[in-house]
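Each in structure tokens, the structures are laid out below.
The same chain A turns up in both complexes below, where it pairs with chain B and then with chain C.
Here is the complex of A and B:
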């Protein structure tokens, strides 16, 4: 069942200004966890705020549960929103903050009490119900903000970078809690973040945005394995995908200097210059005879992995190796790019030309 | 200013504060002491501070000469009504100015501010005509209605509403709040100290208001304390032996304000300094 439908939605603040959202089309199913991800200024928050009814829609249609809601005010959309800076009412206790939405809807006192206590139980807030927001830590505040959304049994959860203000450790912890919450409640959720890790770990589907245009919509695996273009390829994944100048001659992939890289598994409709994309973890060590030379510039020991930074011909490259491999600064190592892990992009429009059939290769 | 200053600097600061403070409070102290003196003591040379035999019955004698209790009651009730109506209307006005989008919003706000620049006396004639046409001359309702709108209160509350983070309003809306709920549950509670301050300032102003009420009311039972005191002064005051009674009446007149200030001065100072610092 389609829960939310965005059709050709666009946003323009004033008639003179440029559009900040262009032709946004997306169908969101019931119980999905959709993540909008992109760099700052890409329009992800604006889109979320349009769905929330906090921002008017310039063009196109927004449907919720088969009802056109373009002009329905926020309060009647049955949404619950969580904000980056928590947006807790400083003059109310935790209990009253969580109960706010219920009180407005004139729910009976006994029911409010029961629901708030139940929500506080889920989120581990029971000991803090009588405190004011100023006496809570960042993590607790964000939990109260989540509680305010959870308690209302709203139809849709909208979260605008809810974890950005937390420190790294707490962020991981709260990420797990939100995932668990979504599994328990099954509420359709739209989550905005600029953090690709959050997008990858939480989403059922990711929407990658740039400059108000949708770049790609897909499951985390699809986006990671088969990025539509160089932007998606570089934005999703850390360290980012390597891009190396290369060329295709007679279906054979070669470096700019003419060294053979790999044969292509299927022919492509492109000759000449291409950008070769390869993930840092897909690169395999080889010998001088069958590998491409890489000059190591420096090495980062991450514990579980070893990140090796260096240059392959003129292109910068990062590879991720087993930490037991002995590689150090100024070494020359030799690399092989497995053909099933190779991506090719058009250097002119940065669109994908060739995707390895990675899906099957990865599943088995 | 005081913190971190060197000792002599601090000494000078305190000295100046004490000096200015004394200058401010001296008339009040003088008034209170004089209300307990005999008329001879008031004009005695050299001047005496402490009455040798406090005349507590000055108060009851003053009350007999004019119905000051009624005057104070009239003033207090009018001021309370005016303040309540002012806060309600100004909050709604400030809400519209800060939260709603409509054409000509800035023009509206600027024109309101311009009316603040007008000297009050310039509007007396038209206002008087309006009150007369409404048939509210010589009524307390007339005083109340003609003072309901306060540009100063609107401005003060608007400034406080501007400080409320946008996200809080949005969060309330997403939680299902309409405009009235946002105003009552978010904007007003979060601007409590400013609203208290505005109410206090306005109360004091209305309680002390003399010229305009003196134009509106003419019958004695509707006199405000300011008007009543003046009439008392002009009718009785030429005789030196009435001075202690006038002083006693004055003490009675400022009593409600002093009590109010003692209870609410924390809010008062907080409201003023909040807006000063964050502004």
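Here is the complex of A and C:
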């Protein structure tokens, strides 16, 4: 198994063009499951492809264990890659697709047969070995693509949005399979996705990217509870974190219209306007006397939860409630923001001013 | 009532396009089939029915088998190089070459040039004494064949012209087909360490196979119907060495005025073409991947 180190890695397609990856630094430990997450065009796939050797590295160094691999061809990096569109050979059977890498590397036929059958067994593909990709469902195709990676016993797995083409149900199922596979094989894995749920559920550590810059690196819990900035806070979590215009006056947090929200536990080096961040599930219902008024615009019944959309002063807000609570359109409800759940962001640079939940002590 | 109107509408719209098809294709084909059982000489108003004599005469004549052999030789040696050169050119022009469209246009231009005009130019190029090819061969002290007047080389001259005309056309089809191969497949091969040749063998050839089948069938039909270049360059000679089945048909019909036997030969050509296309189609199931 392998450790990967990216040091000041950057990518620029032409000398005239802007950099698409800026100063990327990351140490990946052996057996880690790292997820690169971010919106389209944030550079997550480009970074993965640089690690794979499919894109050249413009600046910085890429190390695999103790070897500098910037100029090492893909085939010598001991990696296996799974692509979004499966990248299966349509004219080959499942068996031959899985065996492709081994055949290219001229492994003995008997060994190929044994390994392919073993891999097919792990992935539940044994009944389909003689079929062609066109006769398989999306989930089965992606399992074949995984099989082609697994069979090689590579030291690193690289996965480029492997579940994007699957429907929601299959995605959950395949997610479990990939997690199980990682637990069984312990292969260092880098996984690219734009889906924050995949990132949260699969990663040992998440790397959040935006416009080619790393926004935050951390475990799913760290990222969720203590986002570095508004982008991370809004990208991770569904529904996204609420942002409310507020202000800090004499260590007291108030709405922009001057209503009291909560006292600050410790002074912050910031007075005046702030952005208050609170997750939809952290908001609690209150009474007219001790809560802030919210006008309900519409309600989404999700089964397990009730998503209530509305406005608090000028800010749009979503709260997640127990489905048994009786709230309907045009109601006025009152909310309280528990101080230990509050995040504060600088409205100018969107950076975090306060991190709650275990990072900051609050007192009533 | 409504249903009757619907049927009438259908007949009307389907029927109109069928009229020219019937007048200019089905009808002449049927007449030609009927003529193949007569001894009509193309000029006389009268003729006799001769049964299947025209067919037995054709199928037992040495000239027929000579022409059949020439047709097969011509077909194989035009189809195979057209396919290979077409694919090679498409692969060459696939990489981000500057002026790609310009090169493609140049290579495709023989296809849009009339075969007759091209054949005239090529017959100058093949001229034994002052032709360009022999001039060049002379510079390198290589033998200078009597291209169009030697029965050993005349067919090769016709083949060269035909391949030259068709290769650019095949290239265009292959270029389109290559552009549809997902890049992921090449990347998988890169990661696995496949060589250029292995990529051609495992990715390119199987994935362009439907186009290969199409080109083989069309080129085969084209080869069987080759006429212009033969007429301009060799008129089937020397000593019948470039006389293909279609050229033999032309000679029988319009030089010997033996329309009965010529139409019998035409029927045989149609049958051969049909059988060939069908057998290629069935054989393709093993090597064509859709």
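What we mean here is this: the second predicted complex is superposed on the first by the 354 of 364 C-alpha atoms of A that agree within 3 Å, B and C clash if a C-alpha of one lies under 4 Å from a C-alpha of the other, contacts with A are read in each partner's own complex, and residues count from 1 in each chain.
Here is the rule we use: contacts are C-beta pairs under 8 Å (C-beta built on N, C-alpha and C of every residue); 3 or more make two chains touch, one makes a residue touch a chain.
Everything numeric in this text was worked out from a predicted model, so none of it was measured.
> Kindly say whether there is room for both chain B and chain C on chain A in the superposition, answering fit or clash.
clash
> Please work out whether A:100 is in contact with chain B alone, chain C alone, both, or neither, and reply first, second, both or neither.
both
> In the overlay, answer first, second, both or neither for which of chain B and chain C A:63 touches.
Neither partner.
> Just checking: does A:74 make contact with chain B only, chain C only, both, or neither of them? Give me first, second, both or neither.
The answer is both, since A:74 touches chain B and chain C.
> Answer with first, second, both or neither: which of chain B and chain C does A:334 touch in the superposed model?
neither
> Where on chain A do the contacts from chain B and from chain C line up?
52-54, 73-76, 79-81, 83, 85, 87, 89-91, 100-101, 104-105, 148, 152
> Show me the residue ranges of chain A that touch chain C in the complex, using the header's touch definition.
52-54, 73-76, 79-81, 83, 85-87, 89-91, 100-101, 104-105, 148, 152
> Please name which positions on chain B make contact with chain A in the complex.
Touching chain A: residues 165, 167-168, 170-178, 181, 185-186, 189-190, 192 of chain B.
> Where on chain C is chain A touching in the complex?
For this pair, the touching residues of chain C are 182, 184-185, 187-194, 198, 202-203, 206-207, 209, 289.
> Okay, in this complex, where on chain A does chain B touch?
Interface residues on the chain A side: 52-54, 73-76, 79-81, 83, 85, 87, 89-92, 100-101, 104-105, 148, 152, 158.
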